[in-house]
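There are structures below to look over.
Below, chain A partners chain B and then partners chain C, in two separate complexes.
Presenting the complex of A and B:
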């Protein structure tokens, strides 16, 4: 019913979507794990990354320069947002940060509309080369996206396990009060995590820009899927986020090959199922209860 | 008896003001506001009283709207029966998913509801496209028969019906707020362990609240369907999932009149600001952040203490007078 060529391109397509989801979701997951906030505004930084990629690639011709600028600007914007808003709401309960960050997301979309207008913008794919895998031509750019996501995962793993700040962050995910008791400046830890999360979201937006059309609502469109990835993996777990991003990417991609109308719905059904069996997600620990 | 009159008074005043504003505000706008406020009160109750934030209210709105739409498109012509079918559909959906959802923590609850809304969206748009006509929607305005006493197929009489329905819903929620059950809801929000020690089941309290709130939402959906005479998957689109939450926060979370005032302000501002500066998101987004940071009281939450002060000052004076009389 499905030939090998279709299957291979489907898997690669799914992995590249999963990579984008992973890069966006990792920020949400880290923010939840450490600060216990649900930061919907990560989706804003995703859009910011995509729009800067559009602007700089049409100005200078280099998509990679745009992606880099998108990451930096996303980080700067998130720093401002953290100082102005999140510093005041770290200790509040979850629904509070959920609503407030949704306000930032909506307001940010308004700002994007103000600067770039509402017309969807195309971004050129940086390399049109095709790579042959087992007799199937696969776009090289999708492989690059997958590779970058893999590198980011490795980088985060090394950062969290091999550096003092990373270890402090991991300890903070388990128990923030103890880390503070050890004399570590938790508020600086929060800022670092928040900016890193936003930069990764910006990276995801920049990398995704050539694959889709850039439009102001792009953050809202991907919101449900990113959330699903975080929930399936378990809030606060890096490994869980990776696993569930791969699962969701494959379900979306292969599902649309099997029966298109169900492809968009299937991940949500899977998420409901997983939550009913294991309410904390695949790798979420009960320790995270606050 | 006097007490009963006193709280009826507030609701009647609020809705007679809404009704009287039909003299100078356009009717479609007011219809929209009243339905929207019924739509929001469920969300406001869940968020303010039980502590559940739901990003999935459109799912239950769609259940009500499509229940009504199916009845009026395929089976009957009586709009009242249609609304009843819609409400029952919403009740059915919340009874099925309620026991699964209310076990979850509030953050997961928000997201699972969001997932349900997205599922319903794709269900109505693609999977059931043969029955729901997909994105084109179901058009049944001409199917609606006129009814004897209150002919809700006409917009002006529909407005009277909407007002009556809203008064009934508000009276019901006011009753809930004052009952022991309302106190249990607040307790499960603030301290579930204590409630457990008092011998109540958190699960039952939450489940009942979930079902009540979402059935109300379905009523709003059914009213939308009858009022507009058409239903499309658009009502549950992912871009609109947060509308009730925004209106709840805008009006004042968990307050009785918050949803009405929030719906009025939201619908009004949307019309005015879209015309003036055309950048609606910018305004509402930052307004939302501002309200949250300023103490999340919302419009009614800010107004209420002032009004009370105004009323209570008179009240306190008369009470003092009475005491003075008695002493003399």
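Presenting the complex of A and C:
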């Protein structure tokens, strides 16, 4: 029987991991939903965010400044990648973007190794404060990460439901041709979405940097989990991505408390189970083919 | 620049298609198509399934790139122009699939049309389709086929298009809605040229001033006088 303190710690730990997964997966999900591309390079922007956080926090002493810089640089790098690469392959079949983006990820890891080396880098936690929840002390930083993810979800929801660009993106997720037929420049929507996705991946990397050791392979290490989050939630669904990230985070966290190898294995079992029951994922619709 | 086949567009035409040949990969589906639309004219395109009617409309609005030939509006060549620019020029396409944005409300669907055209006057739209007024807060996914068609046409009307290309507008709709659409097309044609792809020959013959018949990608007939625009005549070319 798991004691209450361990359970509370495990749930908070799971929510914070889930928050990182959510912030990274949302980009992948939106890119697929709107552009029908698999953008594995989002994991590169995740690493860029973490490394910028490392460098700037080392130089300035402020992790938050590093997180902000990571988001901005991730957005700028993604803009270049979108203009130079993805703009030419949007019309191609899905495997083309999968392979191309994986190539960008691997190439990007090489660039990271060139600038920062292969030695893992530590990033200080911005606050060591503990907050007591039902008799259990939990790290305030993990709660901050969860809070930021919550705010991002609310922000995305407001953007998609209250702004005309957001509505156009929602419409584009359903049918790009119809949006273009109204006279809306879909290519601009693609660029906005791609940059926003990368900035969120950069945010995820920056926020996760103090919780892990920053290393060149960190994007590859979370790839399987992020992919699982997107698939379980349903491709293109924001709500699905959030729910799925929470599930996967909890399964990893609580699974490891019950039996350590479960942390790696259980999410795959959950994914298979959900896909057996609902092949499009929890909140996905049948939008694989445009 | 003269069109590829050397046939110049008619001076009075608002939309001219000359020598249009289109393929899907290796398979040619349209062969040397010519079509002209004058301001305020209702032009119909008839033919069996697979004749190439939808391909023709999609090629005009830039969703498909032709192998050869030209599409011009006035003096502006449309081939190679992004489809959103063609729409902004006032050449709008209403697809056959009757798929409105199902996750968006009727109001949001219209907002997108307004955003693209900067035309926020919905009175004209609701004037043609009063029912949309009551459905403003209903999501597209919960509309009936007829309501969806009204919304699609209404959405396309924002910005007062010069030419409206409507693909199979009455397919699968109740007779009362077809009758309503027929009246709307009649009213619309006073200000907007219409190109209607339709298999409902009585409707076509009642509203069209010119009928093109397509068969297996070839234009097999062009009927331009009231005497010949009759269902039994059109039937011969299908």
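To be clear about the criterion, the second predicted complex is superposed on the first by the 287 of 290 C-alpha atoms of A that agree within 3 Å, B and C clash if a C-alpha of one lies under 4 Å from a C-alpha of the other, contacts with A are read in each partner's own complex, and residues count from 1 in each chain.
Quick note on the criterion: a contact is a pair of C-beta atoms (placed from the backbone, for glycine too) under 8 Å apart; a residue touches a chain by one contact, two chains touch by 3 or more.
Everything numeric here is computed off the predicted structure, so don't read it as measured data.
Following the overlay on chain A, a side-by-side fit with no clash is recorded for the pair chain B and chain C.
Among chain B and chain C, the chain that touches a larger number of residues in chain A is B.
Once chain A of one complex is fitted onto chain A of the other, the partner contacts of A:61 are absent, as it touches neither chain B nor chain C.
In the superposition on chain A, contact of A:181 is made with chain C only, not with chain B.
With both structures placed on the common chain, the touch criterion links A:220 to chain B but leaves chain C unconnected. Using the contact criterion defined above for the overlaid structures, shared-chain residue A:108 touches chain B, although it does not reach chain C. After overlaying the two complexes on the shared chain, residue contacts for A:276 are found with chain B alone; chain C is out of touch. By the touch criterion defined above, A:262 reaches chain B but does not reach chain C.
By the document's definition of touching, neither partner reaches A:117: not chain B, not chain C. The least CA distance from chain B to chain C in the superposed model is 12 Å.
Shared interface residues of chain A, touching chain B in one complex and chain C in the other, do not exist. Of all residues in chain B, only 47, 51, 53, 100, 103-108, 110-112, 114-116, 118-119, 122-123, 126-127, 129, 238-239, 242, 245-246, 249, 279-289, 292-293, 296 touch chain A in the complex they form. Every residue of chain C that touches chain A in the complex is listed here, in rising order: 61, 63, 82-85, 87-88, 92-93, 95, 99, 101-104, 108-109, 111-113, 115-117, 155-156, 159.
Within the complex formed with chain B, the chain A residues making contact are 32, 38, 85, 88-89, 93-96, 98-100, 102-111, 113-114, 217, 220-221, 223-224, 227-228, 231, 235, 260-262, 264-265, 268-269, 271-272, 275-276, 279, 289. Of all residues in chain A, only 164, 167-168, 170-171, 173-175, 177-187 touch chain C in the complex they form.
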